[in-house]
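Inspection log for the structure reproduced underneath, given as structure tokens.
Going by the order they are written in, the chains are A, B and C; count residues from 1 in each one.
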Amino acid sequence: MKVEQRAAESRSKAALSDKETLLKLYREMLLVRRFEEKTAEMYQAAKIGGFCHLNIGEEATIVGTISALQPKDYVYSTYREHGHAIAKGIEPKAVMAELFGKETGTSHGRGGSMHLFSQEHRFYGGYAIVGQALPIACGSGYAINYKGTNEVVMSIFGDGATNIGAFHESLNVAKLWHLPIVFVCVNNLYGMGTAVNRASAVTEIWKKACAYDMTGERVDGMDVLAVRRITDQLVAKAREKHEPSLLECVTYRYRGHSMSDPDTYRGKEEIKEWQTRDAILSLGEHMKKQKMLTDQEIQRIDEEVTAQVEDAVKFAEESPDPDPKDLYRDVYADGEAS
Amino acid sequence: MAVLAMRDALNQALREEMKRDESVFLLGEDIGLYDGSFKVTRGLMKEFGEKRVLDTPIAEEVIIGTAIGAAMSGLRPVAEMMTVNFIMVAMDQVVNAAAHIRYMFGGGTKVPLVIRTPGGGGHQLGAQHSHSHENWFAHVPGLKVVAPGTPADAKGMLKSAIRDDNPVMFIENEGTYAVKGEVPDGEHLVPLDKNEVKRAGEHITICAHSRMLIVAMDAATELEKEGITAEVVDMRALRPLDMAPVIESVKKTSRLITVEEGWRSYGVGSEIASRVYEEAFDYLDAPVARIGAAEVPAPYNKRLEKIAFPGKADVIVTARALLGKN
Amino acid sequence: MATVQMPRLSDSMETGKILRWLKKEGDEVQKGEPLVEIESDKANIEVEAYASGKLSKILVPEGESAPIGAVIAEIGGEANAKADKPAAPQGQAPAAEPKQGAKTSSADAPKPQATKPEAHVAQADKAMAGTAQVAAEAGGEQYPHGGPDDRTEVGAAGEAALNVIRRPSQQENGERIKVSPVARRLAEEQNVDLNRVKGTGPGGRIQKEDVEAAVQQASRQPAVTTAPAAAAPSQRPATARPKDAVEVVELSKLQTTVAMRLAQSKFSAPHFYVTSEIAMDDAVRLRQMFNEAVDKSDAISLNDLIVKAVALALTKFPEVNASWADGRIERKRDVNIGIAVGLPDRLIVPVLRNADQKSLKEIATESKQLIERARSNKASAQDYLGNTFSISNLGMYDVDQFTAIINPPDSGILAVGSIEDKAVVQGGQVVPGKRMRVTLSVDHRVFYGVTAAQFLQEVKRLLQSPMALVL
């Protein structure tokens, strides 16, 4: 069985060197960070209800992967998706409005935190069932082949999803049908409250790809440049050769599983340890060393993205609630095709 | 007008729609090379190729999931679940995804998907191959559910379902694939939301769908010999549920029997009865009589199985009892 | 000799068509060797031989069909008389009736004959085979899977529905008449008294046809005279004297109910009685003045005054506006007065709700309506529900006083007698006065003598200062 596999890649040696790209990555990660911090605050202020899952700490796995895609490419995410939606190009204010349940949200207030969506940005959701999106992502892959176009599908999920049947079914058909899809596993070492080694027989997720004769890669999910480099390669493989792959990004979420999680299953030391490897700080340090950024500029960028987030909150606050008369709207699609 | 077996009427529908619209494609287990386990898809892979008639692994979740994703991405898939018993493996995709996606994403997308699947028992196939679950799907907002009982309706409704922009559960029946009937020539479309009287009568109303429609019609023929005329309403449209012909009929007869191949409790008959109580209470001369499968997992033994599933004798005797002619 | 039978190649197959014999008559055949290609409903399948020997006879040639289990060839038997393949199957043609399911054919397949068939037998066999062919050409499967729907007895599937229909009637205490919705509607429309209709449905339920029969019957009988108004007792229609020694009068459902409940009330509630004589001069005068000032249709009766007085008294004595309930006393907030209406054949007590909050005029109007509805049998169930105290007035029948039986779930009832002109002592003088005797029956479990007396005093006080009733 010929299998292309590569073991963990640590700090990228031949880092991406173009300042504009690095700046973009930096800014975007910081935007996600500030957005998520604000979301936590809004949740506790009862402006956001239901379940709320944050991306804090995982920014490199979000921005490093999605930035390698083109606007026409499809992204499927999970319920921990705010960062992915923003990285795919959805305006933070539309995301915040959805979290607030407003009519101006991405899903007009019907979806909430777990069901963001944008046809325009090809952000195909937002799913609350673990593993559910992988088969659906395969469907988009199949449609690309069917129509002969050259988009790519990226399906992003967590370590927990790699133990459910749908994961295996999806990897199998992706390889069988040559789907142009990159499966990105954000391994933050915990599936809700259960550590990976208590849930998965194989703890190095990238290895699971070999069961499907599929390329598996593992990367340090706290290093956005490493993530971006490998994603570029895998996306190209998918687009040009219709070869699917599985990319494991090892990272860490600083907060609990969701806003309701008391997070008693991890030690404080562990969290602190990971925070020393913070992706945003380390990119900032790297860029400062390369003379691409100064402390003042970092400060300025922070202020800008913070203002952007404040704007998003203001927009959400001022937006109207959905009209109760519209409760039944969009249960069905009207009209025939063609 | 041609006389076709149900499976051939369905085959025709698929062929015509695939010719008409290139975005229509089929996927399912053994639908291609094997021509389909019930031969509904016979000859289609040969005619349209492997891309448009996709043989899948035995993996119900990814079959439906793939269909959903493809539908969201601009295609019009027709997925086959070999029997409705197997669809349970993919219930998450059918209900949590296909049915809910349009609404929970605020109308931002649509899922023009048809899931074809036969239910029904009576061939000694045991508890895991013999049941009918259309009532489960009829319970879910976001889905459409139809269960045609004649080849003409099967062809017309499958074509309509493929052209509909919503996820449609297209319920077939293993026991009716060989049943023949007249099918109109030319473009024959049947709406997905209209039930109709298949046989007029004065004394009693019988609601039935799928294979039980045939049972009800047979019972009606027998009852006529005793001077009892039964009005048989074909409940081929289950969600949305078209009650108009039923209400009109009950206002005339004041007595109603519902027949289904699924289990009686919480079945299709329960919903029909409830709506009749709501809309025609003052016209009833007796409570609605619901006939469904005996509430056991389908037994293998031939005789046990025969009494467990509704047959025309059940309908006939119930009709007599309801009319006070015990 | 071994027979080769049409095999069942799929669970849905009923007949099969011979596509190609892979061996000729006379060839040697080995067990396990492919022998014949058969077309089932789903596919073309090569079938192997299950015996070794010479393929002595082919009974179903290429292109023909036969049902499952039919003998299609013989191995090791007698050679066929004709050398070439016959056009139609001969000899043991499969006994193929289209109506039979696959399961029975094997048992019915005729046994192979050793001798040549007679011509007429061959004719019959040919005819039967022809029928089989027609069946096969018609698509093979005549019935949905599992054979024909030939069960004639009700199965488990039908039993649940039948059990509901045939459920034995539940004996309730006769308080509800069982009527189907359409029958009830019809009865209303046709003015049929459901109490007089015999139900023929399950559990004695009155059904549409029962009401229809009653309508038919009524149209053949002369119109029944309505009961007289309370103020004209002399117009009571005479009851005919029995012709025979004993005339049995069947009770209507309602009469039965009333009988039972009265008996229940009398025997379960320990009754005691308090009588009081009330001076009605002012009340009578007030009524007269009032009625002179208004239209005839707005006139109030003495009973209306009594109803109001009792209602007001009840608001002062909530312990009287109460019920005995399983060892506890339930005091009711609302004052709903039951007004006993006596008709020749029945006693009904429509209820005037919230009598304490209504004006005399309202009480008058409503009483009239209630009584009219009750008389003409147009009362609804609502009219009879919710009484907390009742009044029975026989004053128009020249009765001095009487004791009434409490109307459940009340704990008291006031029996009202006639107003009499009699000599009374006032201020040391004997003068004429109008006196009326009322008797209060009390459920001794709920309240006692002193309360009863005080309550009655209050009623008396109000009737004797009737301006209080106008408020």
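Points worth noting:
Quick note on the criterion: contacts are C-beta pairs under 8 Å (C-beta built on N, C-alpha and C of every residue); 3 or more make two chains touch, one makes a residue touch a chain.
This one's a predicted model, so the numbers in the text were calculated from it and none came from an experiment.
In this assembly, the chain whose C-alpha centre lies farthest from chain B is A. When every chain is reduced to the mean of its C-alpha atoms, the one closest to the centre of the whole protein set is B. Computed from the mean C-alpha positions, the centre of chain A lies at a distance of 62 Å from the centre of chain C.
If you average the Cα atoms of chain B and of chain C, the two centres end up 33 Å apart.
Centre-to-centre separation of chain A and chain B, using mean CA positions: 41 Å.
Within the complex formed with chain B, the chain A residues making contact are 74, 76, 105-111, 115, 117-119, 124-129, 132, 134-147, 165-166, 169-170, 172-173, 176-177, 329-338. On chain C, the positions that touch chain B within their shared complex are 11-12, 41-43, 103, 138-141, 143-146, 149, 151-162, 164-166, 180-185, 200-202, 205, 207-208.
Listed in rising order, the residues of chain B touching chain C in the complex are 5, 35, 38-39, 120, 122-125, 173-180, 211, 214-215, 218, 254, 257, 264, 281-287, 289-296, 302, 305-315, 317-318, 321-322, 324, 326. Across the complex, chain A is touched by residues 21, 25, 51, 54, 56-57, 59, 61-77, 92-93, 96-97, 101-112, 141-142, 144, 163-166 of chain B.
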